[in-house]
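In the two assemblies presented below, chain A is common to both, partnered first by chain B and then by chain C.
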Partner chain A sequence: MSAEHPVLSVRNLRTEFATREGTVVPVSDVSFDIDRGQIFSLVGESGSGKSVTAMSVMRLVRPPGRITGGSVTFDDTDLLALNQREMKRVRGSQISMIFQDPMTSLNPVLSVGDQIAEPLRAHTSMNKKQVSDAVVEALKDVGIPRARRRLEDRPHQFSGGMRQRVMIAMAMINRPKLLIADEPTTALDVTIQAQILDLLLEICQQSRTSILLITHDLGVVANISDKVAVMYAGQIHETGPTQEVMTQPRGPYLWGLLRSMPRLQGTDALDPIRGQPPLVTEALTGCRFAPRCAFRAEACNTDPPSHIVATGHEVRCHFAPDSEWVRQARAQAGLP
Partner chain B sequence: MTRAILAAHDLRKKFAPRTSFLGHGQETIRAVDGVSFTVGEGQTLGLVGESGCGKSTTARMVMRLLDPTSGSIEFQGADITSTRGKALRSLRSDIQMVFQDPYESLNPRRQVKEILAEPFRIHRRPTDHRMRSRILDLLDLVGLLPQHLGRYPFEFSGGQRQRIGIARALALDPKLLVLDEPVSALDVSVQAQILNLLIGLQKDLGLSYLLIAHDLAVVKHISHRVAVMYLGRIVENSESHQLFDQPRHPYTKALMSSVPDPTVFKSSVSQRIRLEGDPPSPADPPDGCHFHTRCWLATEQCAAVSPALVGDTKDETRKVACHFPL
Partner chain C sequence: MTLASSNTDKHAELDGWPDAAGLSDTFRRSWHLIQSEGRLALGGALVLLTIITLAFLIPALSPFDWNGQDLTSRLQPPLWIDENGLRRWFGTDALGRDILTRVFVGARLSLLVSFGAVAGAALVGTVLGLLAGYLGGRVDTVIMRTVDLQLAFPVMLLALSVVALIGPNLVNLILVFVLTGWPGFARTVRASSLALREKRYVEAARGLGAGRARIMGQYILPNALGPLTVVATFELAKVLIFESSLSFLSLGIQPPIPTWGNIMAEGRSLLEVAWWVTFFPGIMLVFAAMAANLTGDGLNSIVDPRLRKQ
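Our next item is the complex of A and B:
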């Protein structure tokens, strides 16, 4: 038990999209907590609902999408109860967000200095000089050399990695309590990705900002996060402390994902998960992973509850508690 | 050593400066700056590097979609650098390409059977029952079903679309496939399915692959040999296991060290080698070794003299372009 309240507490979140073919439910029954100064990864494949979860927390889901259930508590405030004006005051000051592609999230015709200053102008009453000093400071903090001389530059004059630094400077300028980073390094080369991950770690340690990191890369998850939640078809399939969950997966989905990943270390043959994820409609019943699961049984036709298998380690699988399937899986893979 | 099916000799590609109507000239870009390699028959050469290193330009020259500024390309012992007309058409049925994005490389308005029939039509092969039975064989090869023939690309998932792309590339019995980032648009569980498919096809059909990719783990998984590119040049070229077990060029080592490893956790992650800054622009590459501006071992010699890609004194197949190999 931590003494502090979690910064963000999501309970039984449900988000639906009404389409012509029926209701799609990209997020159903998602719950998690993020503590102060913690990096929390939400990992999953395309369509698993990780980005829609983040957009729901920010209240940025647009029609035909709608949040239809659950609660999102940020620092003792119920975000789902706020009106649009109140929510605007939270965004960009207490919670901010960065995206995958910094080129499309920056305005190409405005100078970088003006864009970073925008959250300050919107949320504070600083004068011109104070704003400009704060912007220079923010650019220095994210490692942009000769910051003062780059204020008038446009986004295209920066490299991909530098643009992502600019985005981070903008997101951090009001010292938010929570930074939501949606695939922040996916568009970058690996050597640049390593720089940006270092920067996120540093921010988290120095300003005690919590980070909700949305990613598809289990390597990134392992390297920088404290806690992880693995999403599948709109639900959290497995969650817990990162090192414990990744080294001792107890759900067959995460097990399968790890066995599907080519690695630099070791020469294991790849053992892919069969088939592909389902379309998440209301009609889904039973365990959502069952159709692809190599260990499925009769029981999987009913919805599995979330089982606690170790401190903070929860798995949505009927067989997580006795883990007989884990022994089977290890035997099949020729592991001790 | 196996016989080479493809050999590139000192390939170069310069993109000429474009002058805008305001009269601003741009620098000449040396996208590929003297690249040589061979692809062994029935083997995979992985060409790996970050954006802008010239790997895709190299692939396009091999495909004869771009003419090299200088250098030559040999396919099955014959010089194909300036093959034209009919000979080029027949060459194209021997060298086929699989693209990165299976969402954009299939015509959305054609059914699968039309997509797979197109190579036969373009290459004026018989389009009778022989083609139809060949198309059914192709579907089977890539793990699709006969009932998929009448469907459109949008009815398939990304992985299935990539299977269609591979079937199309195999239609004319090619000998060499150029795979341009074949799995980078796919989710990890599906990516593994496609990698296993490619490995199986190579074994069954004796295909050779030139694989272009940025993901080192993918490259390691399916390549026999690996060439690492940086800013238009190959910096290291070795047997895959040697290169990954014991990288000799500092850039290879840094690249490997940057890949997030799912078994390395927050507490121990700081032991990585970190490269600072961005790669220089190919319009204005540094003198000497292109990597010296970011290399932690660089000396004055590295800034002045460009190191040649040479074989190890003990092992000629292990090539590195560095004055001070690791």
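Our next item is the complex of A and C:
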């Protein structure tokens, strides 16, 4: 896309969890690139491996989870080769993270000021005065009024939206190159969601921070992201520039997802994807979506390769290049 | 703004604080808590505080030396049944020493040992419990198996043998009770840590580059303080009684330095002629231990919302 190196480059990432019932592989063979300043969305239903992918990038997967393959290159550094100490230096300074639920993501006994100062304390050698000035500045940046007077307040004195603002201030205070936002707006009211997303975009634009946005809200994806990857059962099913992928989906899974979304126009009954996603064990073979796919065929019993169907648009489906099924699907849906 | 201030006024009336509007939020909130949940805790703490204050006041104000023998006034009964009017409020012992003074000098030592031991045990237990709970794995196994081992020993037997081995003095006594007391703290803190380390805010802190020590100190420990305080107050009551038991068996602090236990031991053979020698240190021990337990109960109901009454 650009001549610059991607900020984050994930190649064939595989993360396994050893459980008593056998090995579960929530992330198998995931690859993607995020460019500087780009907003990259990772979408998929619950259990598709979005969050584990993010945690793997941060190297925060706890035992029994283990990253067993692939590479994560951040700014020319191989993150998987760093030791714990070096990795700690990356977290909160170069890569930051915000979480889904602002109600539980802040320590109830620590003042908000102290918590926002955490990344500064961990990564810089500022004195007290500088830290408190920086924290006040960060709070102002995220639109919290009377910032200096709120430093000593505890999280319970803030509303949900305000807490998410605090989380953003905390994550962005060191101007990281990459922000991982794990469903940052899911727990908020719709009106607040929009505000928080706008704020997030604005702040990241200022510092040219890239965002890895994890969500299951296709509306949000369509609105704000540059690039999107749709995950299914631990693999990326379809990825490409948002505009193209959302308007011309080439994989049957994304097609199904878009068909099952309610729209303002049209009164047709929704058309859900039937069935449940599979349990992602080692034993899975063939196309993972095949059991639920309306267009499955003989070939789907073998692993589908990733087909490039347009610039940057990749689909993991045997039939992606041959758009016969797309024509069929469109005909079924009554589209030209 | 006006709404907020009228609210405050209402609270002020309810509280019965004439000037409550001027009180800080925090203070008013703690007052609410104490009123609604903490009467037991407050009562217990007040009794303990009174005993501590008296332990410093009475020996200082008393006209009698705690070790001053007066063979002419041996086994004087307490003031109110004393015909001779010798101003011995709690009476005297077999050597004519003033019981009141001795009981409160003894209180100093008993309380010093108990508080010291609880503080020590809390420190050791908390650190080990945090490490076990947060780090998990092999560290956890080693620490918790040690706890199991420690708890498999009868406390009194362990205390007796250790004191017999290293000799009964103040420091050794505290050490003994630290040794027998830490597993309770370690277990409680470990249990809290196990729950807390899965909290989102701990994960968030890790994601922002906070180190292990900082997470344990700032994110786990403060959130585990509630149950920890409860264990500490119960432990205090336990140590008070064990210390007196050891003293009673003359394995505690040695006479002539008084402790509640050894005063009672001295009075034991005189029970039929001079009940007051045993009675006063005994009743003090009951008060102190009960006060500590009440505080624990009260704190427990504050800390554990399930026990809250309406």
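Operating definition for what follows: the second predicted complex is superposed on the first by the 334 of 336 C-alpha atoms of A that agree within 3 Å, B and C clash if a C-alpha of one lies under 4 Å from a C-alpha of the other, contacts with A are read in each partner's own complex, and residues count from 1 in each chain.
Following the convention adopted for this analysis, a residue touches a chain if its C-beta (ideal position, glycine included) is under 8 Å from a C-beta of that chain, and two chains touch if they have at least 3 such contacts.
Note that the coordinates shown come from a computational prediction; the quantities given were computed from them, not determined experimentally.
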Does the superposition put A:Met167 against chain B (first), chain C (second), both, or neither?
-> second
With the two structures laid over each other on chain A, which partner does A:Ser9 touch: chain B (first), chain C (second), both, or neither?
-> neither
Given the touch rule stated above, what does A:Pro119 touch, chain B (first), chain C (second), both, or neither?
-> second
Tell me which partner A:Met97 touches in the superposition: chain B (first), chain C (second), both or neither.
-> second
Of the two partner chains, chain B (first) and chain C (second), which one does A:Ser41 touch, if any: first, second, both, or neither?
-> neither
By residue count, is chain A touched more by chain B or by chain C?
-> B
Which chain A residues lie in the overlap of the chain B contact set and the chain C contact set?
-> none
Mind listing the chain A positions that touch chain B in their complex?
-> 39, 45-46, 159-162, 189-195, 197-198, 201, 216-226, 242-243, 246-247, 256-258, 260-265, 270-273, 276
Complex interface listing, chain B residues touching chain A | 50-51, 157-159, 187-193, 195-196, 214-218, 220-221, 244, 254-256, 258-266, 269, 272, 274-276, 278
Chain C - residues contacting chain A, complex | 137, 199-211, 214, 218-219, 222-223
Complex interface listing, chain A residues touching chain C | 58, 60, 63, 88-93, 96-99, 101, 104-110, 114, 118-119, 121-123, 167, 170-171, 180
